[in-house]
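Next come two complexes built around subunit A: one with subunit B, the other with subunit C.
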Partner chain A sequence: MTQLFPMQAIAIESRRRGQRLVGPIDLTLGGQGATVVIGPNGAGKTTLLQLLHGTARLSAGQINWACTTEEARHHQGFVFQRPVMLRRTVLENLIYPLRLRGVPKDKARKAAREWAARVGLEPLLGRAAPVLSGGEQQKLALARALICKPKLLFLDEPCAALDGRATREIEMILQTAKADGTRLILSTHDLGQARRLADDVLFLVGGRIHEAGRADTFFNQPETEEAQAFLRGDIVE
Partner chain B sequence: MKHWFIGAISALALGSAAQAADVMKMAVTTSFNNSGLADVLLPEIAADLDIDVQLLVVGTGQAIKLGEAGDVDAILVHSRSAEEAFVEGGFGSHRTEIMYNDFVFIGPKEDPAGIATSDAAAGALTAIAETEANFVSRGDDSGTHKKELSLWTEAGLDPATFGDWYNAVGAGMGAALNTASGMPAYVMSDRASWLNFGNKGELALLYAGDPVLFNQYAYLPVNPKLHDHVKNDLALRLEEWLVSDRAKSLINDYKINGETLFVFNAKPAE
Partner chain C sequence: MVDIWSGIAQAFWLVATLDAELVEIAGRSLRVTLSALVVACLIALPLAALVAVKRFRARRLVIAVLNALMGLPPVVVGLVVYVLLSRSGPLGVLGLLFTPSAMIIAQVIIIVPLIASIAHQSIRELWQEYHDLLISMNVTQTQKIRTLLWDSRRALLTAALAGFGRAIGEVGAIMIVGGNIDHATRVLTTAIALETGKGEFALALALGFVLIGLAVAVNLAIHWLGRTEREGRW
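== the complex of A and B ==
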């Protein structure tokens, strides 16, 4: 069975046109739980997730997985703040990633129906995905990622545009995924959500990690002045 | 620098999601995405046009299927025959060449088939076949795989008749390079994937430069007459940008390790 973790990021950086957006960062990630990346706007949360996932190119440094990079990519998913819906039905959106991976049609259809039921989209299976509400689209995006049974799932502000009820439903799906063994790394600007979901926290300011560790320690006894100010609700630059 | 430890020690990316007023979807090939050029172009497109281009990263065959189904507003791929069939079938309104990069032959540093001194791509492949040196093929119906098959045909050879030395792995470029690195074996790769490949091991770039190895990328808007929901206005605005001097300088200036990857060859919009 493929082992992704520990993952080691060594001196990783992202630069664009000479300006450093993220890094240098040295980080080792273990294979369990949910890590929440928090920090002020522009801290580099999204870029860091994309660097780790491989959708953004490293300007410097390297990322080593316990397996090959290709294998690691195969076992990962990424859910964006605004999910991309194929212009097909809910059922066809769920079938699509499985078919890409060579799963036979009947098996893919069965799995799609099961996942639709799990996330509460079963009544909408025949509905065109682009006309779903924001919360329904995000649940579909999550199911479409989880249906491939990723060992690691990145989520970039998955509930940023959702109301309370949709946020609660998404968080329940994430808690279940975590309990089923999927490693979660998500960014959020919602401190309440970070407290509810995080086992560990990465606190980013100006593209650098200012503090990292167990969530309860971070929220109750933040070490740095920036973290203390951020948790108070002050503006941190 | 402090090293941080997080977590107890014990794939389909769909799109991007920057905030912009208009959103369009474009299917692109994995080789284009792996090159890193999208990271440079997309923010500039968002800044210049206020269009958020969401990428669906797949192989050429899948990109064309997404276009045929109207799942995307345009495709950016590199397989001329498939692109022309896409337009002839009425799925794409037209085809515009944007840029090219090239394919290169990678192999063991000691070069057992001696391809480094070949005078043409066909000669290099013939040498590999004659010495029956290990060769890894994508074998996945991608644009790169189709190109490789066409090169064997041009060399007068048929992979169906090859022995165990020819290994079709049915996987992406990274996996094929990894397999070649592990064996070691010869493999054909696009230059960008090779430069970005982190597990080169005993492999080296041995042959490049034959014009038949040029890899032309073309942009094809999905035909709005077939799918009236596609955002043809955005697709055409993006096309106008892709053939502009602005895109030209961004594409021609894009380098990895000091090496230019793509050459802009679009004709300006009339």
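== the complex of A and C ==
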């Protein structure tokens, strides 16, 4: 059985046209719970997630997994702020990642139906995914990412454009995934959501981690001035 | 005007009586064009997908050349294929000149750039939409191309139909490489050219109407088979 964690990011950086977007960041992640990356807009939350996932190129530094990078990628999923829907039915969207991994069609269909039932999309299985509502699309994106039972799931502001009800449904799915052993790393600028989901917090400003630690400590006794200001609701840049 | 009405009446009569010569010519037209279309799609669609997703040095040049070749003059294509296939040409040994195969080759050369250019545009747009998802799913290049081709199949159908339209109406190149030989390489367009040359305008018009009818029928059939325009499904 492949072991992903601990993951160590050493002095990772992302630069574009000579300008540093993120880093240098040193980070060690264990294999359990949910880490929430919070910070103001433009802090580099999305870029950090992409760097860790391997979809953005590192300008400097390195990321070490307990296994090979290729194996690590195989056991990860990513859910985007704006869900990307394949131009297929809900069922076909769910089947897709399983078929990529060579799962037989019958088995993939069965798993897809199970996951559709779990996230409440069973009545919509035959519908075209791109015509679903925003909340339904995000639930589908989440189910499509979780259907492969990833050990690590990145979520980039998964509820940014959703209403309260859809947000609650997404969070319930995430809590269940976490309980089932999936390691979550999600970015959000919604402090309420961060409080509800986080076991650990990474507070990012200007591409650098200003504070990192247990969620209850961060929310109750933030150490840095920026974190205190952010939690007060002041504008932090 | 009299010629037009006479042409319509004659077209109706030819179709209604299933005129043997018309059936033969129309059948050959369809066989040649559909064969060319299948071969052209097999070349153009993967090429379009590859150019859309793969980054390589001459990519822009390939796209520019494909776009430029959309306007290839058929007569020039016919001439080049003629030279290549003629007895003294490099491929003369194959003995393909003045056969339907030569006509298929000429049509393939004419419609590959057209299909590839239209398909490339659609696939590139879909690739922009899917890029982050497919990269995050760690798909291989082959899986990527298969996904893009499958999910843009409606647009690719349009590209293929554009190719079909160009090929079935083509006359210059296939006249040169086919020779318009009765019972061998005569197709609807070359027959129309021949009848017009003989002053048989009504018959030429009749064949023209049959050609239009055939093109429309094939388009409708492909749309129906492709199940386009169905609400809420892909």
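By definition in this document, the second predicted complex is superposed on the first by the 237 of 237 C-alpha atoms of A that agree within 3 Å, B and C clash if a C-alpha of one lies under 4 Å from a C-alpha of the other, contacts with A are read in each partner's own complex, and residues count from 1 in each chain.
Rule of thumb we're sticking to: a residue touches a chain if its C-beta (ideal position, glycine included) is under 8 Å from a C-beta of that chain, and two chains touch if they have at least 3 such contacts.
This is a predicted model, so every value here is computed, not measured.
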item: Simultaneous placement of subunit C and subunit B on subunit A, clash or fit; value: clash
item: First, second, both or neither for A:Arg16, with subunit B first and subunit C second; value: first
item: Subunit B versus subunit C as contact partner of A:Val131, first or second or both or neither; value: second
item: First, second, both or neither for A:His75, with subunit B first and subunit C second; value: first
item: Touching partner for A:Thr35 - first (subunit B), second (subunit C), both, neither; value: first
item: Which superposed partner A:His53 touches (first subunit B, second subunit C, both, neither); value: both
item: Which superposed partner A:Pro97 touches (first subunit B, second subunit C, both, neither); value: both
item: Partner touching more residues of subunit A, whether subunit B or subunit C; value: B
item: Partner chain in contact with A:Val84 - subunit B first, subunit C second, else both or neither; value: both
item: First (subunit B), second (subunit C), both or neither touched by A:Lys149; value: neither
item: Against subunit B, colliding segment of subunit C, chosen among 128-136, 182-190 or 200-208; value: 128-136
item: Subunit B and subunit C contact sites that coincide on subunit A, given as residue numbers; value: 53, 55, 73-74, 76-78, 80, 84, 86-88, 97, 100
item: Subunit A residues within the subunit B interface of the complex; value: 5-6, 11, 16, 24-33, 35, 53, 55-57, 62, 68-70, 73-78, 80-84, 86-88, 97, 100, 141, 144-145, 148, 150, 156, 183, 199-200, 202, 209, 212-213
item: Footprint of subunit C on subunit A - complex, ascending; value: 53, 55, 73-74, 76-78, 80, 84, 86-89, 96-97, 100, 126-128, 130-131
item: Subunit C residues within the subunit A interface of the complex; value: 126, 129-130, 132-133, 135-139, 143, 147, 151-152, 232-234
item: Complex interface listing, subunit B residues touching subunit A; value: 1-17, 23, 25, 33, 36, 39-40, 43, 54, 56, 58, 62, 66, 69-71, 171-172, 174-175, 178, 196, 198-199, 229
